[in-house]
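There are two complexes below, and they share subunit A, which is joined by subunit B in the first and by subunit C in the second.
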Partner chain A sequence: MEDKSRISKAIQLIAQLSIDRASQVFSKMVKCGAKISLEKVYLTDITKATEEIAIEGGEVIGAYIDLVGDAPFKFLITFETNDSLLLTDLILQRPTGSTKELDALTQSAVQEVGNILASAISNVFSSDFQIKMKPSPPQVVHDFAATLFEEYISAIAAESNEILIIESQFMVVRHNLKCAMYILPLKGSDKTLSYICNTI
Partner chain B sequence: MSKRILVVDDAPIIRLMLSDILKFNNYEVVGEGCNGQEGVDKYKELKPDLVTMDIVMPEKDGIQAMTEILEFDKNAKVVMVTAIDQRESLMKAIRAGATDYIIKPFEQDRVLSAIKKAFGEA
Partner chain C sequence: MTMTDNVLIVGIADIKTGKAPFLIKTTLGSCIGVCLYHQEKKVGGMLHLMLASSEGIVRTGELKRAKFADTGIPDLIHELKVKHDADISGLSAKIFGGAKVLQGVTSDIGKNNEEAVRTILKQFGVKIIASKTGGEKGYQIEFDLDTGKVLCKIFGQEPVEL
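Let's turn to the complex of A and B:
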């Protein structure tokens, strides 16, 4: 139990560092002030995880990314469909409302934000803790938020009854753009996270 | 005559952003590739003056694709474009023969300075 609590603390620290870095790169990407806040870090029963995060029902565009290396994680980022249109306009510096429907470019905007944020997290592992991590190519998905989340946590269901969830939210200045980002440590990351606990 | 550039990235939005920057600055974008294998195939077909190459891509990553391009043409100029800002990964790309690298998200000025440096114009 103590180990779990220490690892949870280490993850909270890494999550905060990662999110600070991700905020900087996301602001640069959308060319206006953006803040990603760490909402919650908690351990929960895997069967209750979807309830716990209280996902609202709408369709979202998301990107799954595996962070592979010394501390494997699964990463998920989701935008509500309308927000993905706004995201595309912000990245391409078009007037808002220019992107009218979901297309390959819109999906690609979510794909690239996922790639850049997951890379920012792996960069924190590398620069601050000398831990080797690399993101996989993003897999773009479009479905109901709860469906995507259940698929996301199913990766860990076979090996654990509990999962540690890191939730965050994005806010972009002058725009009501919301995004959810989840980082899920996989079993193989325990040893590296324990090492981090001992170094901080 | 404007220099001919091949843009390789699995994200269409990045290919669009890079192509816009290059075209606006009088470079000719002769083709695009969405994975490493396409990058190699299009290089052989189009023989561009320079390639911008993402590192993390499906099918074949950018470093492998660049290695195959350099085996085909040892004078090929390849500028890596990546979100992975890690010394080891960037050194691996440079050791494998990359002319320069650009970290995503990028600014127009950084893209142009890497391209000009590759062409010896900086």
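Let's turn to the complex of A and C:
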């Protein structure tokens, strides 16, 4: 296994490049200045990570996406419910506060953001590193934050005790939307990540 | 150990034990929460397991025993005995979780987990006196070590006490 800190750096680089591209697409979509920033990237123990999410509690709406190809990844984004309502208004370009409750439109909005981010990641892999990747259709789930996170990490539960967490923030003109973004390298991605490590 | 005002939070692949007046809390999806309680001593513990069996697992790093039913349940029983002098003969169990949150996933991890937990508890002679498992939504559970009761909230539903 490649040195963990080097792998983390490679994933952080991919996340940063992807987020920059996703920002441009997102700005076009909401027809105003939008920026997605990378707030924090860290490797942590799965028990500690879930304890913290369970303490914060609350419900979220999230989208799960599988990135299949030479470097298989699992990808999850989550928004707190209130933020997902605001996101819906911004994407539909209607006055903020119009979306009062979570509905099919909100689910579509989260799904769309998931698509944008996953496509951006795939594009970074193919254009910057010549690695073919394809995102699966997003699966949107509304549940407890800790439940979503638990299901997400179950993909590596058997083999690994650590997870790389990437926290990001969406800033759209006067609005701040918090979005937690997780990228999880799966079995089989080691070789590709080693290759990326050697190119940076 | 995570502790806030007499509340213990259990993460994934984790065990917490304590005595009254502590509360032990966790949130579950396909994982199973096993609550063991000793009524006389008012002590109990919770295991948050992810998978049924540790056998044949190819892993990186050390084995996190609380991740699996076959290693986590014996460890929970052992910790209750060693730390709190709670004999196995006085223990009863309540189990929660095992939901199928992600649709389109072919294997039913939650159901496999539940079956393994039931089998292992039976092998140890620990009786399951209450359970709430399955479904498609997450569970938040709160285990009161003063009463042994568990407040169980399934996402989108009213909480129930078991």
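FYI, the second predicted complex is superposed on the first by the 192 of 200 C-alpha atoms of A that agree within 3 Å, B and C clash if a C-alpha of one lies under 4 Å from a C-alpha of the other, contacts with A are read in each partner's own complex, and residues count from 1 in each chain.
As a working rule, a residue touches a chain if its C-beta (ideal position, glycine included) is under 8 Å from a C-beta of that chain, and two chains touch if they have at least 3 such contacts.
Keep in mind it's a predicted model, so treat the numbers as computed, not measured.
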| item | value |
| --- | --- |
| Fit-or-clash call for subunit B and subunit C when the two complexes are aligned on subunit A | fit |
| Partner chain in contact with A:N115 - subunit B first, subunit C second, else both or neither | first |
| First, second, both or neither for A:S127, with subunit B first and subunit C second | first |
| Touched partner set for A:G97, first subunit B, second subunit C, both or neither | neither |
| Partner chain(s) touched by A:S154 [first = subunit B, second = subunit C, both, neither] | second |
| Which superposed partner A:L105 touches (first subunit B, second subunit C, both, neither) | first |
| Computed vertex angle (subunit A) for partners subunit B and subunit C, CA, steps of 10° | 120 |
| First (subunit B), second (subunit C), both or neither touched by A:V25 | first |
| First (subunit B), second (subunit C), both or neither touched by A:T47 | second |
| First, second, both or neither for A:T88, with subunit B first and subunit C second | first |
| Subunit B versus subunit C, judged by how many residues of subunit A each one touches | C |
| Distance in angstrom between the closest Cα atoms of subunit C and subunit B, superposition on A | 10 |
| Where subunit A meets both subunit C and subunit B, residue numbers | none |
| Subunit C to subunit A touching residues, read off their complex | 2, 4, 9-14, 25-31, 48, 50-51, 57-62, 64, 66-67, 99, 101-104, 109, 137-140, 155 |
| Residue numbers on subunit B that touch subunit A, as the complex places them | 10-14, 16-17, 56-58, 82-89, 104-105 |
| Subunit C-facing residues of subunit A, complex | 1, 46-51, 53-55, 57, 59, 64, 139, 141-148, 150-151, 153-154, 157-162 |
| List of subunit A residues in touch with subunit B within their complex | 25, 28-29, 88, 91-92, 104-105, 108-109, 111-112, 115-116, 119-120, 122-123, 126-127, 132, 134-137 |
